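Input: one structure, supplied below.
Naming follows writing order (A, B, C and D), and every chain is counted from residue 1.
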Amino acid sequence: MSAGVLEVRDVQKSFGAVTAAKDVSVTVPQGSVYSLIGTNGAGKTTFVNMVTGYIKPDAGQINFDGRDIAGLAPRQITRLGIHRSFQIAQLCNELTVEENMLVAGAIHGKTGPSFLRRADDGSARDRALATLERFNIAEHRNRLIPELSGGVKKLLDIAMAMAGETQVMLLDEPTSGVAADEKFPIMDLVIEALRAEGVTVIFVEHDMDIVTRYSERVLAFYDGQIIADDAPDEVLSDPEVQRYVTGGPA
Amino acid sequence: MMTNKLKATAGAALLGLGLAGPAAAQDDTFKVGVITFLSGQAAESFGVPAWNGGKLLIEMMNEGGKLPAPYDTKGFGGMNIEFVVVDEAGGATKQVQEFRNLVQREEVDAVVGYVSSGDCLAVPPVADELKAFTILYDCGTPRVFEDNSFEYVFRTAAHATMDNVSLARYLKSRDFDVPSYAGLNQDYAFGQDSWADFTGAMEQIYPDAEVKTALFPKFGAGQYGTEISALLRERPALVHSSNWGGDLQGFLIQGTARGLHERSQIVLAAGDHVIPQLGNKMPDGIFLGARGVNGLAAHARGGELKELTDTMWDAYEAEYGVFPVQAPFRMWQALFGLKTAVEKAMADNGGTKPTDEELAAAMKGLTWDAPSGRIEMALADGHQAIQPNAIGTTKWNEAEGKMELVDVEYFSARCVNPPVGIKATEWLAQGFPGAECE
Amino acid sequence: MRMSVYLSAIIAFVALAAGSIILPDWAMFLFAMALAKGLVCLGIIGMMRGGVVSFGQGLYYCIGAYTATLIANHLGVSDIFLLTLLSAAVCLVVGLVFGPLLSNYRGIFFAMLSLALSMVLYGSLSKMSFIGGTDGLNIGAPTFLGWAPEGRPLQTALYLYVVAIVVISGTLMRIYFDSERGLITLATRDNELRVEYLGASVRNLMTYNYVFGALLGGIGGTIAVLALGHVDPEFAFWTTSGEFVFVAILAGYLSVPAVFVAAIILELVRSFSNLYFPNTWQLALGIFLLVVIVALPNGLGSLVSKRKENKT
Amino acid sequence: MDLLATILVDGLIYAGWLFIVSVGLTLVFGVLNILNIAHGSLYAIGAYASASLVGAYFAAGGNAFPFGSYIALILAAVLVAIVLGPLLERGLLRYFYGRDEVLNVLVTYAVFLILEDVMKLIWGVNPYFVYEPYTLLGNVEIGPLFYVGYDFAVIAAAIIVGLAVWLTLNRTRMGKVVLAVIHDAEISQTMGVNVPRIYLGAFMAGAFLAALGGALTAPMISVTPGLGPNVIIVAFAVVIIGGLGSVPGAAIGALMVGISRAASVHLVPEAELFIIYFVMAIVLMFRPEGLFAKTQARKI
């Protein structure tokens, strides 16, 4: 098995009577861009949560780099290079944008976080600033989180996840809560940055325009199962997908 | 990084705020720092009545001529008595701090205080360090002077050992049969020590009596249902308790409602002070002491101290509408002692206000009369008092509507207190060597 | 930047040390006690930065005090440096035992479990009549590397000792708060999930903060008992711990010196209300508390720290 | 009588009283998210109020119908709730909703300090006694032991209180609204629930239950200063053991505390002082949220 491949095999998960994942299997090669579609409750976020350790699957394997990571803690999975963003951006509201970025930088520093080294010493700030600039949000660096627009929050959320060495990035609805005219610019920025580093991308999305434009392959979820796994055009023209997911021909 | 400096300045400003203490007392006044419970559990039983009695006595002394000789002179050797009162509630830590404040900030001439044994252990080393004349007026633990010796600290009341020795002696002298007994004491040092003293005395006087159970409900528990069940089940001939205040009242109310006093003889080491409150709810036939010849036992005693006792008794009853129980008696004996010591020191130094050293020298080994009898600073090299004790039996006087103490037996100080040079626990264990009983 | 921390440490030391000359005896004692208690509160501040508040810091205050007392009374050690070290070591061990356990708890549950632990200690000590039970124990005056002062020199030496410890621990904690781990702790208070998903162990952070709190609590307790000369189980009672929390809230978690200022203010307020309102000092203290909470929701530190506002 | 049965009866009597106090504490926490230290003061005020009211009842010739004193007891608790409930909730606590839990504990600690002295200013330090209601119901003989009938009346009162609270919450419209507020006050507000009124109501109910606990205890103790602090810490243990905000949890917690305390008094009297904290620490170690609290997964 080659490096950087994420392989999900026969994963099951149910919450009481609700089945959130049933026989979910998929192999995501390194450097590819996948999107996940499906109605609310179809199992997309459960998929992301299982891969990133928030939820432990009832059964099945999740292999990354040839190692089963199912059931590991989020921080252990993160340490392996699998990062994620959140539907609702997870930021520290009492800290500034720059400080949020410094937190991410401190955790991913080469020697691990220190008790003595200042969090805001020169080189750390330079690195944080560079990342913020890459995502075009450096101008907001001294503002507190609640003052930011939805789009900036989303970008910061992703930028923080990118602070470490990233091999796989799972984006949970990167454009939800973002103004309509910002969606494409944000996706342009994010996908470009991730591809530039050869990162595998898996994103959850409801907007089919975004799905067709950015993903190489689409996984359609319905009732906890993957009902289609193909290129965007193929999936979106699949009658089953049209019936259960998109609600009509695209 | 200006912040540190800013705060240092703020701190300095605060300093200035707190520094201006009141001026020292004048030469014609004698300032006493008084520490007693004004809040919490011990306020009602000890702190407040003691200070009520103390305030009354200081007023009487300041007026002069209100008391029989030798206490008929004004104030302390002519000096007017002033006082500052501090609440004893809050624990020993707080008391050590307050003690320093009283001595160093308020510049009192003497400190009179402490009901709690913990405070009585914590304060003396500081008193000696500051060379501040201090009277412990109430607390019970023998450890104060048995574990240490102090130059400037005096306790004008006998320690608690005599309370329980007297109870055991009372049982014996009344030929009370004790095949078995049990205890219910508050779960803190005074309760634990009292039980240890009582069992120690009983082992000597009733060597065959069996201990059924020793219960230690939480201090301030209020509800004794479970404990009373345990006592009823065990059926001891005798139930000992050193409880006081609300804990004692609650225990008696709940115990009598369930017939505990009919099944077992109840003996109380310090029970007199609940009589005014409980009235006829206090069952007849309970054996109790007052930690000294205090309250009803003092009133019933008569003898040569009758005039002094009656003067204080009547004044207290007139002022507060209730008769004085043990706490004011102990405050009185402290203040009478202090007056005697001050005047003795002034007689020695030519009539000026005595220093702490002169006071300590005068107090050492002093003997004086108080409503509770003759107080002798006999132990701990003249720093620890011994005093007579009394035990009686409760009896409700229906005609007059008040509780009386009958079959009172008085024990001389040397009968129920250990002699010089032996620790209380050893004295008990060795069978009261050197006890002088009539 | 780091230089300014050292500089303010030196200024703080000089300012506080000046107290040994200008303060009257009673005030110097009051300050020494307040600073010792401030050390305990500094430990709570460390935890507060991570979003939890211990209502049982009396546990370490008490363990520190009893350790010093028992060692002094039974092994004859009176050297203040040695006593502090030994008590701190004991508290370190206990903190390492309970830290990993408590690091799983948040909010009111952390508060209550820490309270329960200190109350178990309180209950146990109250029962141990061979070490004084509820009456507690006395401890003699400390010596300083063989020097055994008395009277004012003793008080001065003790005061300077606590000032030195306060400045050293305050500086170390400031460095820690400003460090990478310090910032991550602050982020944890805000959003634990984010921190876990960045790859840091929140439990590990919490454990460290708890252990630091244990150490500071033990050192505070040791100094307090040496100044007071007496320890009893009340050191572990919940009202003692509650007072520490009060100081921590009064100070806020933004500034280190604010902790010690808050501790001194509380001691002064209590001491004077005790004297001037002996019958209603609790009322006075309660009103003072409410006023502080209403007027300074982020603590005294917010008066001087600009962290809440934009830094441009 | 069998030792086990004695422990059970003693534990039940203690649990009954404790449950009444604790359920009020847990209710206030559930709705207002405030762990109220002043709950103990409300208990003490309830005891004082009932002592005064029952005293007044007998002074006004209540001897003709002594059972009326039970009405006076309950009335005292109602009075405390009506007077202090709005005063504390509207006048103070509402300014702290949504603030840090621990800060709120401190606010109520301040209230506790203030009320301790206020009680002293109103009732002084002398004890109050009202034992008439305690002895009215006679004695009950169980095996070789006497129990006071009143003890069992308190158990009955606890059962009634428990059922009433549970039924109100789960079987009435108002209860459903309260549960909705407990679940999410903000959403309830947008759905037209008068949240402030629910908060006030819940706090008054909590204050009533605290005061009722005190009022029912008053006849068997002497009402003196310092009652509150002893009660609050035990009630805390109960609700922490049972799970904050849970009514059945308060019941189980009270039973566990009552019975383990009784067992300790009869079997190992040395352990009585800390058995409660010990049980609490053990429960928290294995069930961090208490026995009955629901653990909620956070949506991300």
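One rule holds for everything that comes next: contacts are C-beta pairs under 8 Å (C-beta built on N, C-alpha and C of every residue); 3 or more make two chains touch, one makes a residue touch a chain.
Predicted, not measured: the structure shown is a model, and the values here were computed from it.
Asker: Please identify each chain that touches subunit B as well as subunit D.
Answerer: Touching subunit B as well as subunit D, we find C.
Asker: Using CA atom means as chain centres, which chain is nearest the centre of all the protein shown?
Answerer: Here the chain at the core of the arrangement is C.
Asker: Can you identify which chains form the pair with the largest number of contacting C-beta pairs?
Answerer: B-C
Asker: Would you mind checking which chain's C-alpha centre is most distant from the centre of subunit C?
Answerer: Most remote chain from subunit C, centroid-wise, comes out as A.
Asker: Starting from the mean Cα coordinates of subunit A and subunit B, work out the distance between those two points in Å.
Answerer: 74
Asker: Would you kindly tell me how far, in whole Å, the mean C-alpha position of subunit D lies from that of subunit A?
Answerer: Averaging C-alpha atoms per chain gives centres 49 Å apart.
Asker: In angstrom, rounded to a whole number, how far apart do the mean CA points of subunit B and subunit C lie?
Answerer: So the centre of subunit B lies 36 Å away from the centre of subunit C.
Asker: Distance between subunit A and subunit C based on Cα centroids, please, to the nearest Å.
Answerer: 43
Asker: Could you tell me which residues belong to subunit A and also touch two or more other chains?
Answerer: Expected reply: 90.
Asker: Counting only residues that touch at least two other chains, what does the list for subunit B look like?
Answerer: Only 38-39, 187 qualify.
Asker: Of all residues in subunit C, which are in touch with two or more distinct other chains?
Answerer: Residues 1, 126-127, 193, 279, 281-282 of subunit C touch two or more partner chains.
Asker: Can you tell me which positions in subunit D touch subunit C when the two form their complex?
Answerer: 35, 92, 95, 99, 101-103, 105-107, 109-114, 116-118, 120-121, 229, 233, 236-237, 240, 244, 270, 273-274, 277-278, 280-281, 284-285, 288-289, 298, 300
Asker: Could you please specify the touching residues of subunit C with respect to subunit B in the complex?
Answerer: Residue positions touching the partner: 1, 4-5, 7-9, 11-12, 15-16, 19, 22-27, 29-30, 33, 126-127, 129, 132-138, 140-141, 150-151, 154, 224, 228-230, 232, 234-235, 237, 240, 255-258, 260-261, 264-265, 267-268, 270-272, 274-275, 278-279, 281-282, 304-305.
Asker: Taking the touch rule as given, give the residues of subunit C at its contact with subunit A in the complex, in rising order.
Answerer: My answer: residues 1-2, 175-176, 178-184, 186-187, 189-191, 193-201, 308, 310-312.
Asker: Tell me, which parts of subunit D touch subunit B in their complex?
Answerer: 1, 3, 6, 9-11, 13-14, 17, 116-117, 120, 125-127, 129, 131, 134-135, 139, 144-148, 151, 217, 220-227, 229-230, 261-262, 265-266, 269-270, 272-273
Asker: Residue numbers of subunit B touching subunit C in their complex, please.
Answerer: Checking each residue of subunit B against subunit C gives 1-12, 14-15, 17-19, 21, 38-39, 84-87, 90-94, 96-98, 100-101, 103-106, 117-118, 121-122, 125-126, 129-130, 141, 143, 147-148, 187-189, 192-193, 196, 219.
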